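The two complexes that follow have chain A in common; it is paired with chain B in the first and with chain C in the second.
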Partner chain A sequence: MIFATLVHSHNYDQLLLKAQASIFPKIVLLDKKLNEKLVDGKIIYTIAYEEEDYFTAQEIAKYMKINFKENFDKYNYKVNLIKFSNLSYDMNTTVIYALNSNENIQKVANIAKKKGIITFSYDINNLKNGLLFSLMLEKTTVLYLNKENLDNEKIDFIDSLLQMVNFID
Partner chain B sequence: MKKNFNSLSTKIVVSIAAVSLFIILVIFSVFENINKKAFLNVEIEKANLIAKTIKPLIALNVYLDMQNKINQIAHQLIKNPNILSIKVLKNGEIINEVKSNEYKNGIKDAFIIKKDIYKPNSKINIGQLILVYSDKGYRELMEKYTKVMFILLFVLSVIFILFSLYVKKLLSPLRKIARLLKNYSPNQKIKFPFILKNNEIGLISNALNNMQEKNFQYSKKQQNINNLLEKKVNEKTMELRKQLYADTLTDMPNRLSLFNDIESADNGALLIINIDDFKEINDFFGHEIGDNVLKKISDRLKNMFSADKNIKLYRLSGDEFALFFIEKPSFDYFIKIAKKLVYYIEKMIFYHENNELGVIVSVGGTHQIQKALQKADIALKSAKKQQKSFFIYDEKLNIEEQYKENMDWVNKLKKAINQDKIIPYFQPIFNNKSGEITSYECLMRLIDDNDDVISPYKFLPIAKKSRLYDKLTEIMIEKSCSHFEHINHYFSINLSTEDIVNPSIVEYIKQKLKKYNVAEKIIFEILESEGIDSYKNVSYFINEMKELGCKIAIDDFGSGYSNFEHLIQLNVDYIKIDASLIKNLDTDSNAQIVVQTIVDFAKKLNILTVAEFVHNEEILIKVKELNIDSTQGFYLGEPLKCTIHHLD
Partner chain C sequence: MLNKLFNTTLLFSSLICVVLNAQTENLLTSISNEMEHFNEVATTTKQNEHYQPYIISVFEGKELEKLGILNLKEALTLVPGVDMATDNANTQTPIFRGSNPLASGQSKLFIDGILVNNVFFDAYSEYLSFPVEMIKRVEVVRGPGSKVDGINAYAGSINVITYAEDFKGFESNDKIVFKYGSYNYKMGGFIKTYKTDNLKIFIDFYYQKDDKKLPAGPDGLSQGVFGANNISLSKSGDAPLWLKEYSIGLNLTYKDFFLKARTLEHTQGSAYGINLALPQDSDRMKLPSQYLELGYNKKINNFKIDIKAGIKYDAFNSKSKLIPNDLNISGVIFQDGGYGEHFAAQRTIYQSSYLKYSGIAQHTITAGYRFIKEQTIDMSSKLSNRLTGDVALVDYTDTLAFFNKDAKRYTYIFSLQDEFQLSRTVSFIYGFNYEQTSYKDAGFEPKMSMVYQVDAQNIFKAIYSRSHRNSSWQEMFTMNNLARVGTTSLNPEKVDTIEFAYIKKISSDSYLQSNIFYLLNKDQIYNSSADPKYRNVVDTDIYGFEFEYKGYISSADQLYFNYSYTTGKSYIADENKNKSLPNIANHLLKGYYIYNLNTSLSLNGVAKYVGSKDRVSGDTREKVKDYLTIDSSLQYKNQKYNYTLSLSIKNMFDTKVTFPSPPNTYVQDYEQERRSFYIAFKKEF
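Let's look at the complex of A and B:
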């Protein structure tokens, strides 16, 4: 059991977490305007968590470290773990991966929207609150995208990505 | 069949069909190639397009390791009936492969599209997409295309058949006109169809019609001219035919007519009447009188035999008439008619300017129909030769054989002349005192095919008749003079009166004397008996030759009428005493007296004497006793080809 489930933490499907940890960094690389989003030449992959999910976030980071080593493809990357409460408009990040939160999803969405940050959500339902991508394991692996949130000049994914995702309104 | 292939319509249709077929084949083959390629390219493009379309998605899924998604896409694609197989490779390993049932069953008609898969938003190759695409669509398309082309060919063929029928129909009036013209005759008018048609056929019909009119008029005129010409030609033919078979002067049938009658007769007999010396009547009294005489003779003959239907009269030539007995008469009656002819014609008297003219006739006849004309001619010649008024051809006389022999001799002579077989032989003449050769007599010899030496006595009379004589004389002169050109001896050549009176021979003698420089060595031997008739000519020749340095001998002196007066006047150098006096000189006292007289006479005139025909010693002794200067004869030397003789 890699991801231990704590008493007060949210429930996370470990397989889904792994899938998301594998796929989301790759999706970041499909942004044609990725270079504009680099922070000090690096991809900053921020994992936002509620306090009780800190361990889950750490596990994700570890998994990514194992899976991707030091680079996403040609880019260096850094995984930042940050509490939802510490998120602010001043922060510099390329990606925010939001774990479950009952109250802060909207905050993530607002910051991301304003700063053109790519957002991934563990829970698909968060897409309705303004996050961009999520991933579900159904019969096949299905990538979801909230097209409402895509309307942003700062994010421009390759067309084929848009062809394969499932859109939600 | 051949006619059909040569027809204009066939040629037009075949030409158009050939050109069109060629164009269609070119277009067809070009389209076939282009379209096949195009159709194939379309299919390839389709496959490429599919591959191109799904490649990014596949690439993304490969990139994202979303195998399920790749599988889903592949299964969706395989629903396309043209896609037989989809294979996705990642880093060289197959990560997904879907095959259609058709492909599993082993279909082979397909092509493969391979596409490299790159990492999205990058050029890094992460795999390969292999699409097996069926060319069923291509094949179906090609089948449809070929079908359309065959339909097109069929339609074009039908169009060509219809077109050829149309061309044939268009040209059919020309055929009709041609059929009418086939039997065209300038005398017969043809009613040409299509005259009222306002097209090229109409123009041709009109032109032919006009031409026909002109031809008709011309033919009519030509026919009139032809009729006139035919009439004239017939008249002229009749006239010529009459002239061919009839004599215009006497209106009697001519020689040709007689010839035809003899040819067509089974028996019969023929008499030919010739007026002797008729040429003299013409020469002295003119041809008008001559013709008048002939007319009167013909009238007399007509009167004499008008009642006798068995006798047909002819005029053969100027002075010759013929009586042809259609049925052979008895021999006595035949002789009687011949005599009657001579009697009545010679009895006729013709008057001219108070002069009375009479004619003498000779009659030759044959009582046989075979070769009648030839035999009657021979008989006529015999009558004249024998100076008889008539002569009837008799097989027993062998006259025909003699003629044949004469003709053979003529041929032999001609051949000998052509083959250079007339040569001189040389017989020496010896001086009776010194015993040395004084001269040679050149004697003519003919060498026949068997290399036998023939004496001139056998062929000379015939040569004189056949006009070969001049040539023989020339040969003897040329060869003899040539032979003695470098031999220091006198030589003699015999000349006849014919030679002496022939200017061309005299001129030839002069040329040869000059050419071989033998005038001082030559002796011309002239026959005593012949010289009398042409004394003046002989005398002139002798003088001419003596001026050149030649000597003259009188040959055969004593054989005939020995005219001493002539001998004196002719100024001869030698007398050759005739063989008839010498051959028995040793025993014949009369001959001795005549020879003694001749020798004495000659001595007085300083003429040398030669004894010929000395054939034994006794005669030679007698010749010497009689003081004859020279001797010639077999006893001392016979004629030889060469001139080397020695007296023993």
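Let's look at the complex of A and C:
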């Protein structure tokens, strides 16, 4: 009975988490239509997590606070921690960064596609399920983008970024 | 007027565009710099190990702590294809893929990048007790590995990274640790870092001791090592395998300069006796190790300079009862037994300079040299009177030395390597070492490797390398000894290695790695009790495969296991015949499982299976038996006060574990630890 009430978390590579938390917010700034995605003049950076990963989501938010202080460049920002189960079409956010989830990635993709939200994924495999960007620490640090998911009139990244990324079909 | 307005608007628009472009450029530069920074961290910490041109396994210190792993030795037993061997002095040696168990130096140990193999045995058994709490990460490269630093790894290299390693955003906490356990084991230590903008000082310290004794015997006298007339004096009993040691490490960084220093005072029981007679409880062997390295690293445009100079001191210092009471050697009776004090101290001085140039598109060229001078700086040899049998020690340093006190060797190594990135998916590394020594030269040794990354999930590697091991001091300079006779005419042991690997990255946190290897070893150095002189007498062909998986079953756990199969044959020159590989476990299966009950509590298990081993040619004893050990541990981490409490039970089913004894020495194999218990407390600040 006691074990039923206890929670456990997915495994995360701390270095990869930090790399993504450092680089993804800067990617957001390269969207030419970013101003249309601001919420009350701010970038809303939503971290979507499963209940057991709350501690990890908190750690990422803390790291971003230390790294970026109050602003992403000239934009104010706010980090929202939201459970996958609480994500909805009514939410207002600029970005969704998805931690691991067995069941809810498609839900994130659907919401993002409809609302033109920029999505980042911890796990590269989620790009096949409709998320936009991921980042891997390979021989070099590689930014991955699913080109198919870019086909959204509300998202328009500068060409120089597209020259930096590796496309996944 | 309109024209003026138009021009002003145009100018203003142009200015905005310039400013925006500049902002975008700055942003892109910032992203590139971040990517480069994380790439550097990932490469240094081997996070991107699967994309590198060698076969490597990496174990994080904190993960090892969770598993209840006590020290470096236990960590190494998790590595695919690695088994452990020992000898009568209990010089324990990891055996990589069936490498020569008598040649300790076939693998190299680096602490924070500094080679610490001692000169006497070319071994590093004194560092195997290095507590896991002092280790941030263990990186184990199977096969010769990188040539860049000019050091030949031969069968494998072990890089122990302490918490001195430091990257922006990845600082380590200060901590204290205490451990207590079976065999009256006690350990205490701390880690402390002091940091300003330009200066960083890191210190680690630990002290540990135990009273370990393990059953052994009948000892070598039973096999007639002192003649048939002394067989009745053979004993069985507890071999003194106790440990007492402390170590202080210092790492100092100031701008582009660094200093790395460590002193290790290691004392251990005399184990099974250097003359194969079971020693007394208090008999001991000291293996101190000290090093100091100064270095300078600087990146200037496309050049990266790496200059190092260092000094290392190590010694063999034995004080023990060598022969039992009433031993009779050629009519001389040692009524109260015979005692001995042997001491040989070695100093190594080295200097290396490497230059890396990345100014040619797709190429990174590294060239440099390493110069090494190894020298015996002190030696003494005292024994009970060999002529009268009187127990009082007589100084035989000049008349019957156990070692050549003028031992000295110079080594010059030149290295050249090019890393060629043919495309985003294909890269090559090729280069060579050229080595000359004041004895037999290894000469020219090439290396080539290719990494083909099909996509983010699938990676192939192919590696060819030639490497060598120079003879140890023991093999070259031991004299007047019944068990070991050295000679300087030995050729270096040589190996040609061919490896292929495939890695499947299942996700960011899980992978499958499989590889096959073929090793052609020439001029392996052996001796035996029948012929104690070291000789290049064996060639071996070794091949096999290794399979490794790391992942999880559920989101609450972590699973790791590996299996390795090693086989081959050895050609013994004296007997002009082929034999199966002796003392090698064909099958090794290892793994661990971590179950996180919650964010504070984890229950963990480690399992290791080591297959049976054939005996050496002429040894009629049964095969060395296989064994399976299971360890378990429970770790509690208090997030609020940042302390950790661990309980572990090792070899929980009390399995008998033995390492092979050579023929005509101890009749029974060397028995290892049975069931044992440990508790550890760690507090981070």
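Operating definition for what follows: the second predicted complex is superposed on the first by the 162 of 169 C-alpha atoms of A that agree within 3 Å, B and C clash if a C-alpha of one lies under 4 Å from a C-alpha of the other, contacts with A are read in each partner's own complex, and residues count from 1 in each chain.
Just so we're on the same page, a residue touches a chain if its C-beta (ideal position, glycine included) is under 8 Å from a C-beta of that chain, and two chains touch if they have at least 3 such contacts.
In this text, all values refer to a predicted model and were calculated from it rather than measured experimentally.
> So if we stack both complexes on chain A, do chain B and chain C clash, or do they fit?
clash
> Once the shared chain is lined up, is A:Q106 touching chain B (first), chain C (second), both, or neither of them?
A:Q106: touches no partner chain.
> More residues of chain A in touch with chain C or with chain B?
The partner with more contacted residues on chain A is C.
> Touching A:S22 in the superposition: chain B (first), chain C (second), both, neither?
So A:S22 meets both chain B and chain C here.
> Does chain B (first) or chain C (second) touch A:N92, or do both, or does neither?
A:N92 sits against neither chain B nor chain C.
> Pick one for A:N71: touches chain B only (first), chain C only (second), both, or neither.
In the superposition, A:N71 touches no partner, neither chain B nor chain C.
> On the A-aligned overlay, A:S160 touches which partner chain: chain B = first, chain C = second, or both, or neither?
In the superposition, A:S160 touches chain B and chain C alike.
> What is the contact status of A:F55 with respect to chain B (first) and chain C (second): first, second, both, or neither?
second
> Would you find which stretch of chain B runs into chain C in the superposed arrangement, from 96-104, 492-500 or 618-626?
Clashes with chain C appear only in stretch 96-104.
> So which positions on chain A get touched by both chain B and chain C?
On chain A, the overlap between the chain B and chain C contacts is residues 22-23, 26-27, 29-30, 73, 139-141, 143, 158, 160-161, 164.
> Across the complex, what residues on chain A touch chain B?
22-23, 26-27, 29-30, 32, 73, 139-141, 143, 158-161, 163-164
> Once bound in the complex, which stretches of chain B touch chain A?
56-57, 59-61, 63-66, 68-69, 71-72, 119-122
> Name, in rising order, each residue of chain A that touches chain C in their complex.
3, 6-13, 15-16, 18-19, 22-23, 26-27, 29-30, 50, 52, 55, 63, 67, 73, 100, 102, 122-125, 136-144, 158, 160-161, 164, 166, 168
> Contact residues on chain C for chain A in the complex?
Chain C reaches chain A through residues 23-24, 27-28, 30-32, 34-36, 38-39, 41-42, 45, 47-48, 51-52, 169-170, 424, 427, 451, 453, 456, 507-509, 552, 555-558, 596-599, 601.
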